[in-house]
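Mind looking over this structure? Questions follow.
Note that the chains are named A, B, C and D in the order they appear, and that numbering of residues resets to 1 at the start of each chain.
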Amino acid sequence: MTKFAMIGAGRIAATHARSFQDIDEAELIIVADPFAEAAQRIAAKTGAKASSDALGAIRNPDVEAVLICSPTATHVDLIRAAVDAGKAVLCEKPVDLDLGLASQLEASVPKDARVMMGFNRRFDPSFAQVNARVQKGELGKLEQVVVISRDPAPQSPEYVKTSGGIFKDMTIHDFDMVRFFLPDIVEVEAMGQNVIDPALIELEDFDGVMVTLRSASGAMATIINSRRAVFGYDQRLEVFGERGMLQAHNQLPTSVRSYGADHAEQTETYLHFFLQRYREAYACELKAFVDTLNGGGSFSPSLSDGVAALRLAVAAMQSARSGRRVEVASV
Amino acid sequence: MTKFAMIGAGRIAATHARSFQDIDEAELIIVADPFAEAAQRIAAKTGAKASSDALGAIRNPDVEAVLICSPTATHVDLIRAAVDAGKAVLCEKPVDLDLGLASQLEASVPKDARVMMGFNRRFDPSFAQVNARVQKGELGKLEQVVVISRDPAPQSPEYVKTSGGIFKDMTIHDFDMVRFFLPDIVEVEAMGQNVIDPALIELEDFDGVMVTLRSASGAMATIINSRRAVFGYDQRLEVFGERGMLQAHNQLPTSVRSYGADHAEQTETYLHFFLQRYREAYACELKAFVDTLNGGGSFSPSLSDGVAALRLAVAAMQSARSGRRVEVASV
Amino acid sequence: MTKFAMIGAGRIAATHARSFQDIDEAELIIVADPFAEAAQRIAAKTGAKASSDALGAIRNPDVEAVLICSPTATHVDLIRAAVDAGKAVLCEKPVDLDLGLASQLEASVPKDARVMMGFNRRFDPSFAQVNARVQKGELGKLEQVVVISRDPAPQSPEYVKTSGGIFKDMTIHDFDMVRFFLPDIVEVEAMGQNVIDPALIELEDFDGVMVTLRSASGAMATIINSRRAVFGYDQRLEVFGERGMLQAHNQLPTSVRSYGADHAEQTETYLHFFLQRYREAYACELKAFVDTLNGGGSFSPSLSDGVAALRLAVAAMQSARSGRRVEVASV
Amino acid sequence: MTKFAMIGAGRIAATHARSFQDIDEAELIIVADPFAEAAQRIAAKTGAKASSDALGAIRNPDVEAVLICSPTATHVDLIRAAVDAGKAVLCEKPVDLDLGLASQLEASVPKDARVMMGFNRRFDPSFAQVNARVQKGELGKLEQVVVISRDPAPQSPEYVKTSGGIFKDMTIHDFDMVRFFLPDIVEVEAMGQNVIDPALIELEDFDGVMVTLRSASGAMATIINSRRAVFGYDQRLEVFGERGMLQAHNQLPTSVRSYGADHAEQTETYLHFFLQRYREAYACELKAFVDTLNGGGSFSPSLSDGVAALRLAVAAMQSARSGRRVEVASV
């Protein structure tokens, strides 16, 4: 029974707390958040102890693993503290908004540090199944990956000011999804647009982007993003190879279809946002982390995967601004 | 090059006339209809000769095959005339509205008479493929057949007065579709409803029916009919067996799907009615008739198939009125 | 916070126990089962007390509501005991296998007894939504209901010996689903088949049935059942009316579709069986029960709904054996 | 009744010849091809006269409109000859493989020359409907266009040697499709890959490309191409805007879906190639040309549209080779 401390008690923390209910091999014993009420709210439902002392929680000798759900700016320090304390870590993405800091962390932790990054979409049952079937060779040689990812409604300009911008707060998930299939991306080309909220122009950010990536294998990938899709959270994957194609389609709240005088086969709009759409993914992610802790093997996605996705975000912004294809190795 | 006379120059005749364009082995040389203008309209587009003399057309020594598209009441006499003249016949369904007359005809024509009944749906590429795959054993033993068949808009009471009623004018296609898979139906159970047009009650007809049929093999079938489906012509087939299921779904005018703030994956309504939905089926039917003429083999669906479907219609009406299961052999 | 006793600690009990985790207004305090180990297993996960004394649990003064998940033969007595003790009851279906006993119970409990029957499918989010939209009038007048319900794999003959047979153990869910839309069924017509397991013939049971029902409103319904569908648990609903149609389709484990040299748009087989397919329905059912307890209103589906579904099962068997349409009022 | 000469008697010519059957207002009177047998084969089925003299056919005083289906290298001269002779022209794409020659032609023909380019996909009923709905404002402001277009099997290196390469022989259709929605493309970014046939590397061509385009409106588009898709001809369109999305999906030969022990909802592979997939589009294109001839209005897509698509092909190749975003105006 692995004992966990959770750092942070916000929305995603609450989702993780729920997931512990279904994992026999893990127990949440401390929830630490400077905002005491939030920590206590989660503690009350789980039997964990609430605390306002993150480092204390990490260093608590009963704690074997640390789940980091605190703001991005704290990730590097908390990962380092946990690794230094000999604890296993599952940290929400991104590692940091600054590629330099993230790379330093990567360089400085021991090779065998037990760190996993919370790219939860890799654990979505549909995306995970596509990946597993590709790994088994069902498609033969992989040739093209298409990721379409659109948010249901735009974030506020305030959010964007601190999020690092669309490539670092939104596309980063898609960069990781591309790397799930094509880990060795060598070139990036990106174009951005401002068609939704003019406020982003001043922030030098985009509200839609299209990114093309090339893998060392010769395969290519495209990512299509928009900050707004009125029909719901649009999350699709298409993996195409010499022997066929696998797709993961959008997911519907129910299986109801309606037919009337002016339409047929109509569904509801899609699940609204990531906490609904990826609820099962969060649970599977935590389970995978616990299974790796207990069963051995390397943690995946790793800290390096976290840094690599961030590097693609930086490369994409360079390309979008310069109009040139960017070599990833040069970033 | 088989030379055809076509008797009748109405809507379905025009459809058949079109199909000749794609069949290299057949030529339409006479179109006969008492309404001269209709015959001439088709003749003008095809190079056929217009005539008002059906029997003359049938007996014309150049004519080798006769396509009967005239009103139902003329079918028995015209089939007999064509068979007597040694001509091959493709006759629109039904054989007749009167089971006695139809049975007499069946009994009186030679066993080797070349007569095919125009149950066009057997030649619809989707239904035909389902049947071919079932014949090849893809589903193992056949267990259940479900036919859902709803018209887009109700016929007028005037039509119903002469059509023979829902079982003989509408369900008869579905009886034949069931028999395409389960030719040996032994029992019929039917229930009818009047929910659309009260005028039908006086005519002792229904505007919706549900029919259950049992095959000698043990398999069962259900037919679901309605005279009105506001979302278009609803034509579905489900064939279920020990090793799986095959379905033929409805067909859409285009492949367009729309997504908006209150819906997703929405299509247009279905193709409106049988001339659109089964256009390709009519062409394939004529081709199959010509191929059998030239290549040999037995004509299918045969005159006996036509009589058998009519017998099921009579049995279903008996059951719907009596509330008892009806043995087909007793009808 | 409503305090619950749960009677029975089998498979469905475990599912219900899980659902308590998500309902803030309810708490499971006792699990009673003669098989102590089963009760303890659930108790350990929930903080409830294990017991082997069902009546004691029901009568425990702390207990306000009773969840009955014990074998069918105990339902009548346990419902009566709980009602007598003034407790609210949520009881798994069916009320009993014997229509007489069930009717006696119905007649003998007070009109305002707080009893809800566990027809969980009414709470499936898809079926529930179809019903809600029909109630709001989206389809206009309801005309036809089609329920297709096939189990993934046949039950053993041993199960069937005590289950009451296909109409009482399987179709009963579909009878209730039809009554969800058409509560006032007046006539039933049924046909059964034996195409899977000949052992059922001796037991005078069927492995596939087709049932047609007529509502007092004039609407009709069809139920299609099979004990075996190799492609998974086949659970579909189609509700058809004057202004359109609503369907609830089957549900897939993931949204993955595959494309290869010999196929396209292929999905996995369906969720295997009811604990997977209706997991969310069980949770919503318990929530609805708790909400009615706290918020008032009548419990639905009621004990009378339970008896009504059983009556349709009896009527259907009479019809299947006699070949006659059966008036429900006569049963 | 507009009288047509058709120049060229190959595969597409045969398709066009068929389409005349359904157009009452047009008549094919001459088919000219240096390969006499091909011309005669089409003539025999249509009643047209066969000829080997293209210019003679164009200048024949009875001919009012010319349908050019001859090899690409002849297009410029034949268009010019027809325009000079005062005839209306429907010419297969592309205008030419050389942007300079095509631009010269564009510059030299009178503004009111009646020339339409055969970008047949604009007339596909699905794509045409998406466009019509977008024009009506259904999506509000257009933001993103995604075109996925994959051939079922690679062309031979021999074909590629004379075709102008993937951008000019394949992507050109997709450039025109993007321009159907976003006519004013200002920037192009492209990446190419060689993953299928290494022979193309020597020819400096690609077998897969991904192209990103920016419109003056701020909207962006992506084109995804591959020379091989084992599951059939993959032709999809997605148009995304502020108020929703419209998609045109792939099209299936039949509506059959199969279910078995290891799969569900499986379809056949897609229609194999363009003559099947776009058969209806060819017919609608010819009809649109005839309707414009008779009804007035400007011919669309125009000769300028043909040149514009070619310009995008040139820009894309520049970008793919240089790794830089290319301004269309600079090409």
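The definition used in the following text is that a contact is a pair of C-beta atoms (placed from the backbone, for glycine too) under 8 Å apart; a residue touches a chain by one contact, two chains touch by 3 or more.
Chains and their UniProt names: A, B, C, D = Myo-inositol 2-dehydrogenase / D-chiro-inositol 1-dehydrogenase.
Every value quoted in this text rests on a predicted model; they were computed, and no experiment measured them.
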Centroid-based (C-alpha) most distant chain relative to subunit B: A
A-D against A-C, pair bridged by the larger set of C-beta contacts: A-D
Chain centre separation in whole Å, for subunit B relative to subunit A (CA means): 57
Subunit A and subunit C: spacing of chain centres that average the CA atoms, whole Å: 40
Multi-chain contact residues (two or more partners), subunit B: 229-231, 243-245, 250, 259-261
List of subunit A residues in touch with subunit B within their complex: 230-232, 250, 252, 259-270
Of all residues in subunit B, those that touch subunit C in their complex: 141, 143-144, 146, 148, 150, 187, 189, 191, 193-196, 208, 210, 212, 214, 218-220, 222, 224, 226, 228-231, 240, 242-245, 323-325
Subunit C-facing residues of subunit A, complex: 21, 125-126, 129-130, 133, 138, 243-251, 253-261
